[in-house]
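In the two complexes that follow, subunit A is the common piece, with subunit B as its partner first and subunit C second.
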Partner chain A sequence: MAFENNVDVEHPVHDVRMAAIKNFEEKGFPSKKEEAWKYTSLNNIQKIDFSIFPKQENSLEYKDVKRYFIHEIDTYKIVFVDGIYSSYLSETTHDGVDICLMSAALTKPMYKQVIDVYFNKIASKDESLTTLNTAFSREGAYIYIPKNKMPKKPIEILHFSTGNEASLLLQPRNLIVVEENAEVQIIERHQSLTSNEVLTNAVTEIFAAKSAIVDLYKIQNDVATASLIDNTYVDQKDKSLVKIHTFSFGGKLTRNNLNFYQNGEYIDSTMKGVTILGEKQHVDHHTLVHHIQPNCESHQDYKGIYGDSSTGVFNGKIIVDKIAQKTNAFQKNNNILISDKASINSKPQLEIFADDVKCSHGCTIGQLDKDALFYLQSRGIPEKEARALLMYAFANNVLSSVRIPELKARINKLIAKKLGVNLGFDL
Partner chain B sequence: MLKIKDLHANVEGKEILRGINLEVKAGEVHAIMGPNGSGKSTLASVIAGNDNFEVTQGSVELEGEDLEDVSPEERAHKGVFLSFQYPVEIPGVSVTNFMKTAINESRKAKGLEDMPAKDMLKLIREKSELLEIDRKFLSRSLNEGFSGGEKKRNEIFQMAMLEPKVAILDETDSGLDIDALRIVASGVNKLKSKDNAVILITHYQRLLEYIVPDFVHVLHNGKIVKSGGKELALELEEKGYDWLKQETAV
Partner chain C sequence: MAYTEEELKKELETKEYEYGFYTDIESDTFPIGLNEEIVIAISKKKEEPEWMTQWRLEAFRVWESMEEPNWANVHYDKPDFQNISYYSAPKSADPNKTLDDVDPDLLEMYRKLGISVDEQKKLQNVAVDIVVDSVSVATTFKKTLAEKGIIFMPISEAIKEHPELVKKYMGTVVPQKDNFYAALNSAVFTDGSFCYIPKGVRCPMELSTYFRINQAGTGQFERTLLIADEDSYVSYLEGCTAPSRDENQLHAAVVELIALDGAEIKYSTVQNWFPGNKEGKGGVYNFVTKRAICEKNAKVSWTQVETGSAVTWKYPSCILKGDNSIGEFYSIAVTNNYQQADTGTKMIHLGKNTKSTIISKGISAGKSQNSYRGLVQVNSRADGARNFSQCDSLLMGNECGAHTFPYIEAKNKTAMIEHEATTSKIGEDQIFYCNQRGIDTEKAIALIVNGFSKEVLNKLPMEFAVEAQKLLEISLEGSVG
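Let's turn to the complex of A and B:
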């Protein structure tokens, strides 16, 4: 890789990048020999010759991509096309809050203080894919919400790939800083518009200060040639509340690494997911909650429905440090297999060093309840629709905490579409 | 209307129904009574087409048509209704949306357009008043967090909405307090006509004070061992089921 030829050696974070590339060169892509990658192979992806710096800028018409936005409501938009910022499709702001670009934040003096304090501070410095991103990333979303502020509307971060390269590697880098008692709602989506190969290796750092509230919704419904590795790192201070919802309905290979670090007391960390897969799709949810201080809570609730030859992984790691007494950590992973060829590997990983804690985990893998199916059919609802209704009901309690009604309606439509039914009403 | 001939049915290889014969004509109310485990709920499930049960012999006919190989949803479209003893909870789907889906699926099967929203609302209003169901109740998720009584009342509301030809009420009286029982019974009585039929499955005579049957059948070990008029229910209430077991043993 002609790294030095393509980067600005005078760049303020150049040293950080050099350390990162060194780490990646030593470690390389993770292999299935590593415990954390046992069920997800990157072999086929590594064989592809990806372009890492797209040659030309591509423009998209809003009308062609409108359906990927939550267009029913007004939102701030940070939009990238083939990794390059699209000012035409975006709506950023500096009105009391900063909702703009990582490239600007990394280079302009006015952001230097925030970058010095937060950039690459919670992201791993030895996990190879994260360091690959740190080395090569140029662009992404920069969101800074000062104390006591809340943006007037939700923020959408969209990454489109147009397929003008035969295969493209995108490495977006997001920094989200939410100061004391501030609040933000973010919707994130990666969308390929062609059948050319695309791999996205994204890193997002989130810092939630005292009493901050962060809602992040990840919509993963990409085409069969698009893969995503999402590395999200969350640093939480006292009384902050961070919720991440992950809706995985498509893509070739999706790996979600969500890492929460509770650096304070009375923190609430919540991760919820609905995964509905078919064909040969693969989704791997790897979560980590590190309870570092006492009196905190974490809640995880992942529901999965696997059809055709799809495969899923759930690996939920909870670490409770010795001083983190009065921790409440809950984890649930329920799965339904609707095809004999589909499979799921579900594994809780609890490392508890404190003695006064409440931790629970539960994992189920099953089929649809026959009695429930008969109940619906006996009311005249055909088997296919009855199955869809039951699957919807199964996933429903994950949706109940989605706080943007239009987003919830959109997710419901995606679920109905994914289940292949029209029930005559909006779910 | 409904004709059951020499019906045998198994569940997991075990024979539960061992030759049931029963004819229910339009306008009639039949009560099927019997001790626990006698096969009452199995009979109800088999009529409604539950394929967890295997019919090994005999037949069920609705208006002259053999229902063998007819799916539960098609039976519903043809006018069979089963009020469940344990209705299933469907989180996220409101009572109203559930009924819309059920009614429109039935109309679709008959080649009809969806019911216009205005007519649907009117129908829902009429039928919910009949069962003294509060409006707010209709926007709640189906059966989720409902009390036992609410679930049963909701079953009869669904029956009122779907207007079946043959309604089988499986232990609708269990878990109902006396006020709820009166409302449910009065609803069923108002829905009764010369063109439809009701089969009441019950352990106790209590419900039959409110919905008066034309015939009472006693089920024991998968067979109807005695049939009679409404006075048979009183006799059973007085003497219990042991008396009957002895009589059939002789």
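Let's turn to the complex of A and C:
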């Protein structure tokens, strides 16, 4: 089962898995009756008979998948094809930092110390989908950045599914440990190459030690038959900065569970997202920021544009503990509906137990400004381009904090493609 | 001496319930427990027609199959529904009597509460339909109202005198099976108010009902039905105080408002029920279902000041069914000691160009928990729907909590929805504004807190009608902008 090819009951992780299986057996898939899943139904997904372990290995040629990489820049690459590591497409390293595989980290003694301290420590032990992953995950990325180090280049984690199986369930498991004063940039992408059904149930654990900086970019632009449930857990210590950008442009059903736990002071947690949907796509952004210690900040900024019959969900929860005084927590969710059939459900939630705090949330649902549209048209910009320009401007706040220029350019292109226009310039 | 935040905190903590006393009146009380016989007996006691008895039984059967909800952000010992007496009437209650005939004990109680029915008639121009333990004992101004064709009477009388209206509207806004407490209320309600404003009539005075829970161990289940016919206007006040008791008292009311085309209803509540003592013992459980339906061009405005109850579970809602209808919700909820409030509103936009405004202010002190829970829903045919919501919370001390659970659901591309919520100690910009005008910080805090809550908190006497109305308008108008 799972990571070990032959079940090794002596392995310490074995117990963790058994507990996880037990929990999942008790809970099963979450239903719409649960508050956290009120607006996202997994019924259709559960009807599909997924194969959990692919029967054969598949290989891909780099030229066929080159366009899914940020190929303009040099990066470390951890690539999985149908859930299996592809050494041919990957570029890992052990030069000062460890950028390699989860399966290796779990079995080789040299990683034991790190695994003992961090593996499955922050991931939920009773959330059913997370425990499903804990129980059956097979592979994933292992990134360990020691004190004061920074990898020479950004890291790309890519998951391809080739469609050799009629329907495939992927359960990647990533562990990212960034030690004191270290820094890392990671780009993550899931891509299905055919129209066969794929469900990815990913779990990522991120540990940011004192003064560490973590930049994680999630690109979600998958085909209409691919679904993604992403569970990310972030543990932050004093003065660390973790930023997660989520760009959701595709996929059948996407659920992002971002959980931040601030276990220190002077922490900054930032979550930003741009969602542009069409067809019958569904994206559910579910965030949690738990302010456990004083003097911390969190910022959330999610923008969404919904067309056709798409549905969007934003459920942001901020918890401020009793001792977490001087907390600044901000949450913003702006949405534009451009189709009659599209819908948006938003639930920005605050639970505050400390008195000396500044917490706010704002949520808007509206349309493009008619006057602004008229202004642009009156200056000779066709309506379609004018609309796109305004939507760009709407999403720009989020884009401006992307620190890799090539990635920014790529996302700009994706947005342009999604909006069906070519502005001829990048913003 | 400037009034500081500290002092207010102290005052909140130490303030004993000012209206806690118990008047001994002989009561006609049913045995405890609830079954079909009790439901039938209540119906019989109220001399109700057969259709009403059947309606109650229907509700009771639904209720039996329902489970008590527990999704609200409150924690309490669940009441034992078989340990409550469902009917209690002061013995001397007879609506046909004049005030002089009323039990002197009752009159004494009103005196303690600060009500003088006669005085109020004259001074405040308020018609009062007093409910003491479920039966109306004094109805005033009936004649003045009758001249305008306005019907304002206890619902038990309305069932007998105006069955066609009651039959037509009761349960249309809050159906029997709506929720656990609404079903319970539908089965066992003993009294409440009924009000009908005819077409084009502007009700000349504020209508008001004071509810009191008096008899030990009896829950009070009022039923209010208010119908504003086309192009009419009415302002309705509801207020509550209850004697101190160590035993939790259950209150599950249902309020239904029907605003027909072009009508306007202003419904104000001041709730000052016994919140339990400093240790969190005792206090009233308040599980209320309040809902309004707005037809074309109608407007319903809910205003509430929540200062009482150990546990509050209350969501005055508007169904904006007709085109161009307007729903408003203004609320101040103050919790202290061990009080828990989970309150808010629902605005359901069904008609075109419907508008809703939500202004909710929560103040938490002591060890209390104050939650705002709201739903703004724009359905696919509600073109041009507009909503503005604002929820502000003020925290005093570090043992209380403020929570917001807003649900926003939009299914129409022309919807414009804005929601903002803040939680803070005391707005720094507000203090800055005062400082800038030469008011020192200490005074500024006093001013802000006073402005935010003092009048509401402090002395909510039974004469609140005029006072609270002014207070609410003054304190809320600013935030409506």
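Definition applied: the second predicted complex is superposed on the first by the 413 of 427 C-alpha atoms of A that agree within 3 Å, B and C clash if a C-alpha of one lies under 4 Å from a C-alpha of the other, contacts with A are read in each partner's own complex, and residues count from 1 in each chain.
We adopt the following convention: contacts are C-beta pairs under 8 Å (C-beta built on N, C-alpha and C of every residue); 3 or more make two chains touch, one makes a residue touch a chain.
From a predicted model like this one, the values you see are computed outputs, not experimental measurements.
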Overlay on subunit A: subunit C relative to subunit B, clash or fit: fit
Which superposed partner A:F29 touches (first subunit B, second subunit C, both, neither): neither
Partner chain(s) touched by A:R379 [first = subunit B, second = subunit C, both, neither]: first
Touched partner set for A:D371, first subunit B, second subunit C, both or neither: first
Which of subunit B and subunit C A:N397 touches, first, second, both or neither: first
Contacts of A:Y88 with subunit B and subunit C, given as first, second, both or neither: neither
Dominant toucher of subunit A (residue count), subunit B or subunit C: C
Subunit B versus subunit C as contact partner of A:Y62, first or second or both or neither: neither
Superposition-derived minimum Cα distance between subunit C and subunit B (Å): 14
Overlapping contact positions on subunit A, where the subunit C interface meets the subunit B interface: none
Residues of subunit A touching subunit C in the complex: 35, 322, 325, 335, 337-367
Residues of subunit B defined as touching subunit A within the complex: 45, 48-52, 71-73, 75-77, 80-82, 84, 86-93, 97-98, 100-106, 109, 114, 141, 158, 162
Residues of subunit C touching subunit A in the complex: 71, 378, 380, 393, 395-425
Subunit B-touching residues of subunit A, taken from the complex the two chains share: 369-372, 374-383, 385-386, 389-390, 392-393, 396-397, 399-400, 423-425, 427
